[in-house]
Every structure is written in C-alpha cells, then in structure tokens.
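Presented sequentially are two complexes of subunit A, the first with subunit B as partner and the second with subunit C.
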Partner chain A sequence: MNDQMSLSNEIQTKVNDLFIKGFEIPSEKLTPTASLYEDLGLDSLDAVDMLVHLEETFKIKVDGERLMEVRTLQNVYDLVAEVARNAGSETVAQHAPALTANV
Partner chain B sequence: MKVYITGQGTLTSLGNSVEESWKGLSEGRTGVRAYPEWKQYNGLHSHLGAPVGAYDISRIPRQTRRTMSRMSEMASLATFQALAQADLAPGAGLNTARTCLIMGSTSGSPDTLETYFRKLFEKGGPEGQFSTSFFKVMNHSVAANVAAALEFNGALLAPSSACASSAQAMILGWELIRSGMYDTVIAGGADELHYMTAAIFDIVQAASRKYNDTPDLSPRPFDKARDGLVVSEGAAVVVMESEKAMQARGGRPIAEFLGGAYLCDSTHMSQSSAETMNAVMKLALERAGRRLDDVDYVNAHATGTVHGDIEESRAIGATFGKKVPVSSLKGHFGHTLAACGTLEVISSIKMMETGTLIPTRNLGEIAPECSEIQHVTLANARPARLRTVLSNNFAFGGMNTSLVIGGLGKSS
Partner chain C sequence: MNAARTDVLIIGSGISSLTSAALLAAKGKKVRVLEAYTKPGGYMHSFSRFGEIYDTGAHYTGALGPGQPFHTILDYLGVYREDLFEPLADERFDVFRFPDFEAAFSKGYDRLIPGLVAEFPHEADAIRAYFARVQATVKNFPHYEFSDRSENDIAGTGLDVSLASVVEPLTSNPKLKCVLYAYCVLHGVYPEEAPFGFHAIMTDSLIRGAYGLRGGGDHLAKSFVRAIEAKGGEVLCKKRVTEMRVGTDRLVKEVRTEDGGVYTADWVIAGIHPKAAFRLLRDESGLAYDPFTPVFRERMTNLEESLGIFGVYATTKDAPPVDPHRNFYYFDSSDPETFFDTLTPDQTPKAVFLSSANRRPSPEAKNFAFSLHAAGPIEWFDDWRGSRFGKRPAEYAAKKEAFAENIFRAVERYEPGLRAKVGKYVSSTPLTHLHFNGSEDGTSYGLYHSIANTGARAIGPRTKVINLLLTGQSTLFPGLLGAAVSALRTTGHIIGIKPIIEELRLLGRKNESLHHGSGNADFARQFG
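Showing the complex of A and B:
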C-alpha cells in the first residue's frame, strides 16, 4: 500500500513538473480537477506533445486515442498509473527519476 | 510612386538592435568566434561561427513560441523593433487588406531537422515526434511564426532563396507596393547558426578553415589570404510603405527604397558569373531610375570565398570601374544568410545617415584578382556623402539580386 502511494505521489510530482517546465503552467493552477483545456490552456498540439513527454518521462507507451479520455489533471495521473501498472510498475520506479530533465 | 523604409529591426552577432549592431560595425568589431566543439563532426573543417547573444523572448506567449526555432524567435523580435520604429502596432494596428508580410529563410530550422531525423532513425519511424516540430522545419516557418507573433491576418509570402531571401523579400515588396496592390510591406529574413550550415559550404570548400584558432582574422572578403566564408545567424526586417500611405498616417521616412532586380544565373548552381552579376546591377539601377554615376557606394555581397569575391569584383569593376567605393560587411557579421540582404540595407542606411563608410574588415592585402574596384579599407576609410547606395546579394542556385537605396532628400 505504501509503495502504491509512493508511486502515485511520484507520478503526480513528475506530471506536475512536466506541466510547469514543459507548458509554463504556474504550480498553483495544478489542481487534480483542473481541466487541461479550459483551466490550463492546452490545445490539441499541446495534448500530443504532453503524450510524448509522458512517454519519455515514464518510459511508457500510450495509445494516442486515449487522449480523448483525458480531460483533467487527475485523468493524466490515472492514465499514467494505469499504463504503468499494466506494463509493470517497476518501469516507472526505475526510470522516471532520471528522465525529468527531458521535459 | 515612391516607396520608403519607415522601420528597421535586427538581431546580429554584434548586438540585438540596429543601434548596437551599428556600434559594433563602427568600432570595427567582429561577431565571429571559434567553435572547437564542431571538431567532433567528421569531415567538417570549418570551426567558426558568429552567434547572436542572449535575447528575451518572453513577450511572445508560449503557444505562439512553441512552434518557433531560433530563426523565428529572432525574426519576431526584429519585426517588433521595426514596427516600433515605424510607429505601427502589431495586430489591429496593421491594415491587413493592404499589408503584406514577406519573410524568408534558407530552410526550416536545421537544429530541429537534426533532432527530428535523429529520432526518426532511432525509432525506425515517427514514434515520439513532437507535434510542434514540423512548424519549425517547414520552409515558411519564419514567415508563419512572425505572422502568429504579430497576430497578423493579411497576405503572407515566404521567399526561400538562401542568402538572397531577404533581398528578394524587399524587392518583391517594392514591386507589390508599386503595383498598387499593397500600401505596406514588412520584409526581411532570418537564419540560425548550426554546424550543418557550415558543412554545406565546407563541402564545396567555400567555408573558412585556416583560421579556426584565430577567429578574429576570418572571413577576409577580397583579401589575398581569404579562404572562405564564416556562417552566422541573425534576423533583419524593414517596414516599407508607399509615400501616400506613410504620409496619410503621419509616418516618418528613414530612407527611400528606389528599386531593385533579381535575375537567376542558370549557368552554374553554386558559382554565379560576373556577367549575370553585372546584368542584375544594371537592371536594378534602371528600375530605380538611377544612372551608374548616381551611385556613391556599393555594398558588396562578398562573403570571403575565393571564387565569389573574384566574380563580384569583376562585375562591380566592369560596371563602375574604380570610381565608386566598395566594401563588404561579412568580416563583421559573418554570413547571416537569409538575413544579410536586409541587414546590409539597414547598415547602408546608417552609413548614409552618418556619412561614414564602413571598411571591409580583415582586408589587409587586396587580392590581385579583386583589385579592379575601389576598396574601402581601414587605411583609406573616410567620411563620405552618400545619397545613393547599391547593395548586392548572391545565393546558391544562381539567385542574383541587387537593390538601390536613397538617402532622404538627397537621392533625387
């Protein structure tokens, strides 16, 4: 359970870091319920680039069509967690820390 | 119909404004520096470049900036400078039905191209490519990104003719204004420094390679010891307006764009001939309504290549003899590629305004093959009253351009 919480926190931290550095979103706007499009100002090009950043940061592969389901920041956390879980959570734990500089 | 230049902007290796760049020119400085890190690239012999210093791009919103490489960033900042000097506001300040934006670069961003293709080959396909990459590498990237930065919704053109790009942009702008189709043209060009650009010239043995450890001494246009050009980067933009439109809004002229011409040279892809250079200069003067003896100064394209400098001096010599002072600014700025045409017009206007002739930097011993013209050197530079200036630019692909600028109130 602790491991899962730790992984969840790690995903949240790294996703938020991506939005701060990659999309210049002020950290105070990064609430789980924030809409990527209405509240954070992303558009379709940003969504594609967000996916590339997520794949590079977490060493995961996400089907581009799943972007349609992603509306809020919480959706992003959940998507990463789900894909990482299916691929084996070790992938995230092993690779994510060293890859944030790519954002 | 008269066409005036009413705004100017530039970012160069000598400074991030017209005044800073002019100060560097006046002081005889160079922006060229050594690039020892380029030694890692197999087969590249030229390790020299002239980079633009740090600049602040924060005034452009992220969603506009995300599709910009350095060339678009620099072009946008130069355009803001030009509009500010012309006292024209971006966005609603421009009459989009009567304004045309014409801006070119040699190619899309070489830096992004490298990243894009490295990833493409590494992944075996387009997996993991950013959506914004293409907008940095498309050939009209600079024009489209500047339009976005200006919130401009009028006519947009992107002449891409390498080192003649911005000269062509201005001449085309002059033609369009004279045709009556447009009142205002924002014209210019930009390119960014990258080792691949140096390689393009290095492969054809046109890039300087003997001065890698003494960057101050290269390039050396018209000099006996010249060994090629030095690649550079930058952006240069002018606002051109019809006299009527300028007067109607209370605009202030900086110089008159008297005319220009472009002729291609189909005889060789990389070596324009003196004959076609001569022809384009004469046609430019004819279109400008000026005679040979009206010209007070020729700003040569002369990049410091062995062949190009000879052909241009032969062409200028055949046109003007030794009667008109000639200099090149490539020894100061390096070769800014798509930006050089407009940058050299801006610099020539400063020479007219100040009555100064900027000598060719690093021209110590004039090459015998380049001796049939009157060179401006450090030793013989003197104040001069310049009313009419002719400026040349030549590019790979046989792209020959020549244009004529008049000082205010003294050119007619």
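Showing the complex of A and C:
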C-alpha cells in the first residue's frame, strides 16, 4: 500500500516536472482535471514528445495508440501507473533508455 | 522569376522530395524543388568511374513487381519505365554467407519458405510462423498495401514491437535468427530496437519483388524530373537553402538560397534530415528561430543517428565471379548477438554487402563492376572532418585504403582470389556522404530508426511551423521505398491522402491483372 502510494506520488511529481520544465507550464495550472489540450495548451506534436519523455523517464513502453485516450493530467498519471504496474517495473525511479520492449 | 510564388517549395531532391513533387504536381499544385547539389536524386544519384556506373544508395529495392506497392507508386506518378529496373534472380537473389553455413532468400513466399525449410528442417514451424506474421503485419500499413484498414495512419500494429520480440519466442536456433535478422544491415537498427513493422515491410518488399537499377539511379531521378516538369513543376539544382524565414504567425514566409534567391510558397516541404531542416529556421529579421518546447529540444539533442557506411567501388579484370543478379551478404560470425555489430574496436567489418554495379553485363563481359558496403562510422574519420573534399590529406587516403583492404579481407574468406582480380577501386566514407549529400554525420539512413523514433513517435511530417512539413527517410524508414512512401504521408497533409490511396489500390490491381492476363510486363499507363 505504502509502496503504491509512493509510486503514485513519484509519478505525479515526475509528470508535473515534465509539464513545468519541459512544456514551460506554470505549476498552478497542473490540476488533475486540467485538459492537456484546452487548459495546458499542448498540441498533438507535444503529446508525442510527452509520450517519448515518459517512456524514457519511467522506463516503460506505452502503446502509441493509447495517446488518443489521454485527455487530462489525471489520465496521464493513470496511464503511466497502469503501464508501470503491468510491466512489473520496480525501478520506476531510475533513469534509463526506453528501448527495452515490454512484450 | 525567383519571386514567383509556387504552391509548394520542396527542399532537397532525394526520392522523398521528388515523390512529393511529382504527386503534388500531378494533383495540380505548382511545385518547385530546390536542390543543393549539381544534379537531382540525393542518395539515388549514380556516378561513373573506370567506365562503369556505380550507385550511391540505390543498389537494389523491393516491391517493384507488377501490382506491387513501389511499382504502383512509380507508375501512378508517371515515373515507372520498365528499362529502369532489372529483376534479380528468382532463386536465391539474396545470399547470406556465414562462417559455418549459408542461406538465401528466393523470390516469392512460395519459393522462399521451402528453400529455408530445406536449410532448417527442424525450424519449419518457426519459419512459416515468422513469414505469416510478416505478411499479416504489412497489411496494416495503408501507405504500403493501399488499404483503408488502418484508421490511424502508419502508426498501426507492428511498430511498437521489436523484431527480436517477434523472433525470440519462435525459435532458439541461432543460425535461423541470424537469417531473419540479416536485413538489419539495410536499416542499421539492432533487432532489439528495430520496429518489427518496418523490418517486415523491407523483408516483404524484397521477397515479393527485388530489383536492381539498370544503368544507375540517375535515370530514375531523371524520370522523376521529367514527370514533374511535364506537370509544370520545376527542379532547380545548385540551390542550397540557407534560411527559412518564419513570421510571428508561425508560417514560413520566405525560403532563401545561398545564391541570393528568395522563394515563397504556401507550403514548404523539407526532404532533408529534421535537424538540418530546423537549423534553417530564422525569424523575419534573420535571427535564429526556435518555436520548440524544452522537451522537444532535449529530444532532438539526444536523437541518435543511424549508421555511417563505408563503400568500395571496384572492377575486376576477370569475368564476374558471382552472379550479377544476386546480392551477397558476408558475415563474420553467426552469433545472433553480435553478427551485425557495427562498432568493432579493431575496425574489421562484421557484415559486408556485395552488389553488382552493372546488373546486366553482356554475356561476353570480361570484367565485373561491383560495390562493397560495410559499417564505417564517421567517428573513425573524425580527424579529417575539417578537411575539404578533394583536398584531404594523405593520411585520410591511407586510412581509407586500410579500411578497404579490411573489407576485401572479410570478403576473401568467401570469395577467395577476388582481391587479386580487382583492378581499380575507389572508396567512400561518411565524410564523402557529408560532402555530397549533407546528411547528418554522413549517415546513410538518416536518424536511428528505433522504436523510440518511429511510428507514433516519429519526428514529422508535421512540425511546430504550421506550413512546414518534413519528408524523407528520417520521418519513416530508410531505403528508396521507405523514403518514397514517406512522401505519400507528407503530401497527404496538403492534398488529402485517402482518394490517392484508393487510386493507387485500383492501379495496383489493374497492373497486376494486366500482368497476369497478358503474360508480359507492358502496362497501359494512366498518368504521365
């Protein structure tokens, strides 16, 4: 339980970090319900960069088509958590290349 | 003249740019191609030495049989001519030689599979399953199979999955793995990182219809130019683009060339490496323009480049020692973990590719023109990066010669006596490619086409600059076919792709039935 809590905290922190530093979005805008496209001003090209960055940061591999489902910041947290869980990733905190295919 | 506006300006004249131009022109757009070099074609261009014509990057290609995708695209554009191409051998067109065994691919799955099963009798199930997966996977690519099956553009199945992850569960036979991985040489990506989908398209295209170019890629480039000009387009050489000036509305306003030309258009397509394209961006006062987010900038900085290739172009004093309708892949090891390693510390090549420069020598030919290619990263030639082509020091020539001899030695193992027959040869390095093509780090295949850089994750075709699109091998996958197909995707953003895909599908069917019906390859041409 604690592990799960810390995992989801870590995911939130790192995802928010990406939005603050990587997309230069003010932290006060980063509410879980914020829409990536309407509220945070991302476009579809940014969404791809987000995907690639998340894969590298969390050492996960996300099916590209799942980007379509992602509308809000909470959706991003959930997607990362789900993929990390399924991959049995215990090393979420590590920085590592994203190329180890999870098939 | 310079000031005349066109609908679309296209930077570079590689096959992706020429395909874009021909397609847009055929659809009524006024197009202008700006090429830095003295002739069009990019890596498709050929050159002559010792009275022979050699190709730079068009040694062979696939899907060129009647009704097959590449054939259909070229025919649709009015570019296809039967005398441009030479079919490779039906039996064993690609021969893979390893220290302890040999295998080959033959044309068509009905020849290929029994051939491989004969080689690997205990692996019959794995072989059938692998090629069934290849065939099923390529059907998901609408720009290759011309179907409307995939709604999500090219990012369909097979691109998030690595080649190794498909092969590993099927077989533990190291030799068979080497054979199924052998085409990694053609894109330069390791099996663990190569998107299965693209490897499948390359494999499928070659198995279905492998052809060499007759008389060199220049003829194909010229055929493109004729088709473009026939539709009112222009292909201008010696026009190096130095700047794209972008307004505050994020639209390219002007494209400037080294010779002082200023060009305007509604759309700009850059058929060059994405990094090179972005370096050309300026604001309206000529200062560097950067519309990118920090995360994208970081991505571009970390982007890996593909393989640098070293080439040897030679003639023998003797009749051909190998069949000019076949290619030969010579491998140094049959360990699937390393057989394709590109960065051997002692700089001995792990894999050498031999192809004939003249696919149709006369039966009495007393000589044989061929090229050898092996990985040769630019780092090995770093010391001479600052030197100019034609003025490079003797040490560079000595290094090239030593490296060429390494390659000959690797081939001698399989073709004893070949070196002694070689009269003259010249060689090329990534620095040569940098000089003639301007490719990033002199690589042959553009950016490194790992899963992280392809499909849904690819750079381009769209960019943050609204009317700037990218095309070319870096945006999809390398090879003449990959670069040409990338142009379908790119131009689709301007003219809409669905009706074109439908027309391609119909034309492909028609050509196929004409071929089967008449028994010859002489097709009625619709466009051109």
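Here, the second predicted complex is superposed on the first by the 91 of 103 C-alpha atoms of A that agree within 3 Å, B and C clash if a C-alpha of one lies under 4 Å from a C-alpha of the other, contacts with A are read in each partner's own complex, and residues count from 1 in each chain.
We take it that contacts are C-beta pairs under 8 Å (C-beta built on N, C-alpha and C of every residue); 3 or more make two chains touch, one makes a residue touch a chain.
In this text the structure is predicted, and so the values were computed from the model without any measurement.
Using the contact criterion defined above for the overlaid structures, shared-chain residue A:Ile11 touches neither subunit B nor subunit C, since it reaches no partner.
Applying the stated contact rule after C-alpha superposition, one finds that A:Asp63 touches subunit C and leaves subunit B untouched. Considering which of subunit B and subunit C touches more of subunit A, the answer is C. Contacts of A:Lys21 after superposition on the shared chain: subunit C is touched, whereas subunit B is not.
Of the two partner chains, both subunit B and subunit C are touched by A:Val52. Of the two partner chains placed around the shared chain by superposition, neither subunit B nor subunit C is touched by A:Val80. In the superposed model, A:Gly41 makes contact with subunit B only, not with subunit C. Taken together, the two structures place residues 23-24, 44-46, 48-49, 52, 55-56 of subunit A in contact with subunit B in one case and with subunit C in the other.
By the touch rule above, subunit A contacts subunit B in their complex via residues 23-24, 41, 43-46, 48-49, 52, 55-56. Subunit C makes touch with subunit A in their complex at residues 152, 155, 159-162, 164-165, 192-193, 293-296, 298-299, 450-452, 455-457, 462-464.
Within the complex formed with subunit C, the subunit A residues making contact are 18, 21-24, 44-46, 48-53, 55-56, 61, 63-65, 67, 97-101, 103.
Taken in their complex, subunit B has these residues touching subunit A: 62-63, 66, 128-132.
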